[in-house]
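Next come two complexes, and both contain chain A; in the first it sits with chain B, in the second with chain C.
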Partner chain A sequence: MSEPMTALGGAVYDGVVTVREAPATGMVLLRADLSDSAVQEAVRAVIGLSVPGQRGTAFAGSTGLLWLSPDEMIILGSHAESRARVAALDDALGSAHALVCDVSDARAVFTLEGRGLREILAKLAPVDMAPDRFAPGEVRRTRLAQVAAAFWLRDEASAQVICFRSVAQYVFDLLSDAADPANELRHFPR
Partner chain B sequence: MLILTCPYCGVAAEETELAPGGEAHLTRFGPGSDDAEFESYLFYRENPKGVHFERWRHANGCGKWFHAARCTNTLEVFGTYPAQTTEPPAALREAISAKRPGWSWRSFSEET
Partner chain C sequence: MSIRLSTGGRFLNRARPVRFSFNGQRLPGFLGDTLASALLANDQMMVGRSFKYHRARGVVASGSEEPNALVNLGSGNRHEPNQRATTTALFDGLEATSQNHWPSLEFDIGVVNNALMRFLPAGFYYKMFIHPRSFWKHIYEPFIRQSAGLGKAPAPEDQDPDTYEHFYSFVDVLVVGGGVAGLQAALSAAQSGVKVMVIEQSAHWGGRAPVDGGTIDGMDPDAWVEKTLNTLKSMPNVTVHTRLMGAGVYDHGYALAYERLSDHDPDKGGVRHRLWRIRAARIIAATGALERPLSFAGNDLPGVMLASAVRDYVVNYATAPGQSTVVVTNNDDAYRTAIVLKNAGLDVPAIIDARPEGGGALMEEARGLGIRIETGRGIARVRGLRRVVSVQLCEQDGDGAVLEDIPCDAVAMSGGWSPVVHLWSHCGGKLNWNEAGAFFAPDPDRAPTDQTGAPFVYCAGNANGAMDLKTVLQDAVEQSQNVIGSLGCESGDASVPSVAQTQEAPLLPVWLMPAQAPKALRSKAWLDYQNDVKVSDVQLAAQEGFESVEHTKRYTTLGMATDQGKLSNINGLATLSKALGEDIPAVGTTTFRPPYTPISMGAIAGEARGALFQPVRKTPLHDWHEAHGAVWEPVGQWRRPYCFRRDGESTQDAVNREITATRASLGLLDASTLGKIVVKGPDAGRFLDMMYTNMMSTLPVGKCRYGLMCSENGFLSDDGVVARIDDQTWLCHTTTGGADRIHAHMEEWLQTEWWEWKVWTANLTEQYAQIAVVGPQARTVLETLGGLDVSKEALPFMHWVDGTLGGLPVRVYRISFSGELSYEIATPASHGRALWDRLLEAGAAFDATPYGTEALHVMRAEKGFIMIGDETDGTVIPQDLGLHWAISKKKDDFLGKRAQQRTHMTDPDRWKLVGLETLDGSVLPDGAYAVAEGRNANGQRNTEGRVTSTYHSPTLGRGIAMGLVHRGPDRMGEVIRFARDDGETMIEARIVNPVFFDPDGEKQNV
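== the complex of A and B ==
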């Protein structure tokens, strides 16, 4: 099988935070009624995690679930295993009304590392990034400047950002510019 | 800045996350309708100063269409509700009546 290539070859920018394109990440898209117990059971059986509630996430090791809408969820995992995961989920979902698709190469993934990450995201997205309004465990679909994106905090010093692959360079440039030390604001307590 | 709470993902989304979808609760006259009905569906829209019902999409977000009731005069938002309905929910109509006594909009009003 051919080697998976990320959009920017692992580009890195060191500033107020470190912006890093993540290695190839497996992503499986599930479209189904996430409140359906048959769907929840299938996800638990195949992935080993419970379907998160509204805007929630669930993680165990490199596997993760992102709630995107009442009928849309992304399953993160190893790039190499996503095809097998699609087949296993299709099988487990049986006759439940659902669509499962390997979208591993559709997006770019960025990691932000550093205590200043709330400020970086607040500059680019119309989201209240105050610590008591956006906490680790929540995933937020929004826009970064002019393009759609989603992000979640792993903890106070690390966040992940996903966007479509076609705008990877644009998002990397945005994040890098926002993280330029010359533009530092120190708005949020660290 | 208009802020509408998306009934699907619960986000209080500001206007730049949303795409406007025009007037709510239109009857889509198609094959079998007469010319006057089709013309009204295509061209006739409310333009109120006051209570108004609209469709919005959480485009830079969960992607869902929903409905919003707001005042075009003060920009006060009375509430939002899911897309899968042909009329505003009773509780929302009552809330509007409390704030705008005597309001009416197309076939909806304080009494109905």
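== the complex of A and C ==
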């Protein structure tokens, strides 16, 4: 078994914020009616977290749930365990109508660290990044310039961004360009 | 001559002298100047030539409404045409050149003299260049292109070195305009706690009030502006921005604003322009008003300016456009200019007031300063060639008989003020005619409405038709309260500042000066300076039957230049309405469209340039390909290797080598880009039976089936291999370009038509790297890696199996698109490169040869396999391609079934797929048509077929092709003729079976 390779091998850019490609992250896609109690129970039993509400997230350590739509959720965790997690979820869901897939390798993950991250994202995503409108704990499924992406804040100085693996370089370049200190914009209170 | 005054200048920083150049001449100015004020300060009255007649033109205005003072700015890769000198901040080293002149600004050979001008009337182009039709392309158009046009486009090889970006912002209230109305409206709104963003297009707050005077809350306007601004800045719910112009208003409270960060200081670094993409619940347009010119003969001479602009240049820039300025007006406001000039020690020979009774208190003040006032009078014509020499006084209500010649070197004119209603109008706001002020103002009952039907744009102050300081501030508070109320918020402080101001007498609408001006004068009275439209042109259009203002605009080009008629619109349509004998409101206005003033292409592009112009999608093997000579082919946003060129090889050599090696031994293809959509659920089989033309529900677990997808209209849309994964799960492969489209197609049907069916889909395209291992040694190399039984018995053709190969998790599909023994191996993308490396290593003994898309295409064509996008073009049904075997006759329905039963679809005369072999073995040109006898009704050659795929086959050593031919399959063996690009040379080709190679499939069935 080879070590999993991320799209950019952990690329880093230091600017207004530090843009860093995260190590391989486990991601399981769940498509199911998230309001179905059988689905909620199965998720709780396997993951140990409750299904979050609209645009919500739930985290315990490196395990997390990202609400993507009323019938779509991402389960974050260790890359090595994602296949086992798919099997466990499939088991727990039993006859419930659901689709569980390992999508860990379909995506690239970036972290943004630094106080300017709200402005960086507001240059690329049509999202209200004001602190009173987008707080840690929420996730936005949106776009960065021309490609699909989702992001959430861990705290005021760190954010996670996910995009499709094939456009990892494009997204890294976008984020780096937006984080160029020459283009710093202070718009939100820090 | 125009001069710099020794004192004053609100905006000037006299401690910071700068130097700039105009047409190569080095000139001095100060920081704080605009290019226009600095040119005037250097007595550069003439700044350009007009568009059509090449007449000398000077600065008219002091802001973004300027029609004349357009210059080329910068040089080399920073060259930019059509920049308004009035909004260009001066900086050290600025380079400007004038436009539209040849050979020089002072002596222009293209200048149209009075005699010739008669031959360039309204609609000239339409009238002159209609016949003969054939002359248009080669004679008329090149001639017009040479003589017309403003400015020069940058050289095509020059790349703009500056950077640009977008910024998304969300506010409750966007206030556009930083004059006293905007500031007061922002203050009133902000006190309720809502999020307010105030944007001002210039570098200065306060708008006109500091120049025009009055007292607010006992303070000079300047002091009040500063105090109010400081209050706003201290509020956490307010942001304020200068150099940020409200460019456009769109549906759903969307607004675009254009920020110029470094135009005034190019060495500042960072982005040059930023496009703000704002979502606002409400927009307050406090965009002020624009002064109108008066229409008299010679009103386009350099030195004839708007009265407000003359005042601005004196007060803000300590620049006097003339030492002796005649003021001509139909209202009181222009008296302020005379008073400012006189108080600055400059001469005002006369104020010519078209009103028989003259004005009010301001007139008395001017009289008190000893200025001569002529009431009921007008200007018959302005004399001068490249600058003003004198004006000829006449009765306003006359035909222009000259009473007196008044020497002067500048004329300050005022025809009244028009509210800037552009932002109100962008999204559908309607206007009412205001009789007293002779202007169009917003009709609050017909406001632009948002998604709930509520008005979302409110105008305030001048923009709303409130024309004096007191009503401006009252209106600002009132509109702000309306906005807050409409948002359901508690209003805060609704108090209106107290105002002391001079009372003004009413204006008299004057659309032509003098009122009975004869044609000789009317044909020299300009309406639109930039497009050279005169009073006589609009009158001619009316005479020729143009009644609609929109038609007249296009016929005369009135208001169609880069200034969008900011100065000319109202005067033009008043002239039209008079000529038509209609009221102005009955004639109506033209439509204002975004942007308010031109914005840079760079700002629109934002970050999308260079490497970020478009996303490039890369497979997990992209880097390997790049390092091994990949010749890239764009496929959607992916880059796929077309072939891998080795040293000394041509692209064709490489393709031939890859095919030969694959057929002889072993080839490897990166197939990761193929779409992989998983479909699961109790109704998944039923769903796929609808999506595909053939039966998918009956596919046994562990097997694969090739399937076709059609649109509702029956046309072939996509194809690929479907694998049954388990009882409820299928994996659908799509074409590379089809992955996202087909996934969306599936979701659309599931969400909008069959929403009660229990089916989930997910696009797993990028989860897997997929590698095709192709050729006689394919099985051997997989056995070398080890871990899976891939024997003929364990893994027959069109089966798949999960397992490990060389320790890597894989799913192996035994499918073939080349006719060879072939496996497609999917592994999670993070292991893709490892699998590729191991295959290369294990395959080295068999000359493992990575191949690209062209080899893939040739090999599939040798086997007669169709390619979506080659054999299909959106008009082709599967039956045309001989794919009847893939169309189920058992199913009640599938998408496209009914359409394929239409008579046209079942017509035996359709063009159908066949193979084509040239008699001489050459390669048919791609897309070539087969020529039939005779000509059609349009005189074109009849055709009976076309080439859809054509290649040189190294396997067969000759050209092979597929094509759609009229009744093709019935004509096997027949020789037909294809035309080369010249339409004359013919190539003969024989109609043959499209399977050129190994028709019995012996190579893959091993």
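Convention: the second predicted complex is superposed on the first by the 190 of 190 C-alpha atoms of A that agree within 3 Å, B and C clash if a C-alpha of one lies under 4 Å from a C-alpha of the other, contacts with A are read in each partner's own complex, and residues count from 1 in each chain.
Going forward, contacts are C-beta pairs under 8 Å (C-beta built on N, C-alpha and C of every residue); 3 or more make two chains touch, one makes a residue touch a chain.
This one's a predicted model, so the numbers in the text were calculated from it and none came from an experiment.
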First, second, both or neither for A:Pro126, with chain B first and chain C second: both
Between chain B (first) and chain C (second), which does A:Ala42 come into contact with in this model arrangement: first, second, both, or neither? neither
When the two structures are overlaid on chain A, which partner does A:Gln54 contact: first (chain B), second (chain C), both, or neither? first
Taking the superposition as given, does A:Arg140 touch the first partner, chain B, the second, chain C, both, or neither? first
Using the superposition described at the top, determine whether chain B or chain C touches more residues of chain A. C
Scan A:Ala159 for contacts with chain B and chain C and give back first, second, both or neither. neither
After lining up the shared chain so the two structures overlap, which partner does A:Leu65 touch, if you call chain B first and chain C second: first, second, both or neither? neither
In the superposed arrangement, does A:Ala106 touch chain B (first), chain C (second), both or neither? second
From the superposed pair, tell me which chain A residues show up as contacts to chain B and also as contacts to chain C. 126
Which positions of chain A touch chain B when the two form their complex? 54-55, 68-70, 72, 126, 140-143, 148
What residues on chain A touch chain C, complex-wise? 1-2, 4-7, 24, 29, 31-32, 71, 79, 83, 97-99, 101-107, 119, 122-130, 133, 145-147, 164-170, 173-174, 177-178, 182-185, 187, 189
Taking the complex as given, what residues does chain C use to touch chain A? 163, 165-170, 195, 236, 239, 269-271, 274, 277, 279, 606-608, 611-612, 614-620, 637-638, 678, 680-682, 729, 758, 760-762, 764-768, 807-809, 828-834
Taking the complex as given, what residues does chain B use to touch chain A? 8-11, 13-14, 16-17, 59-64
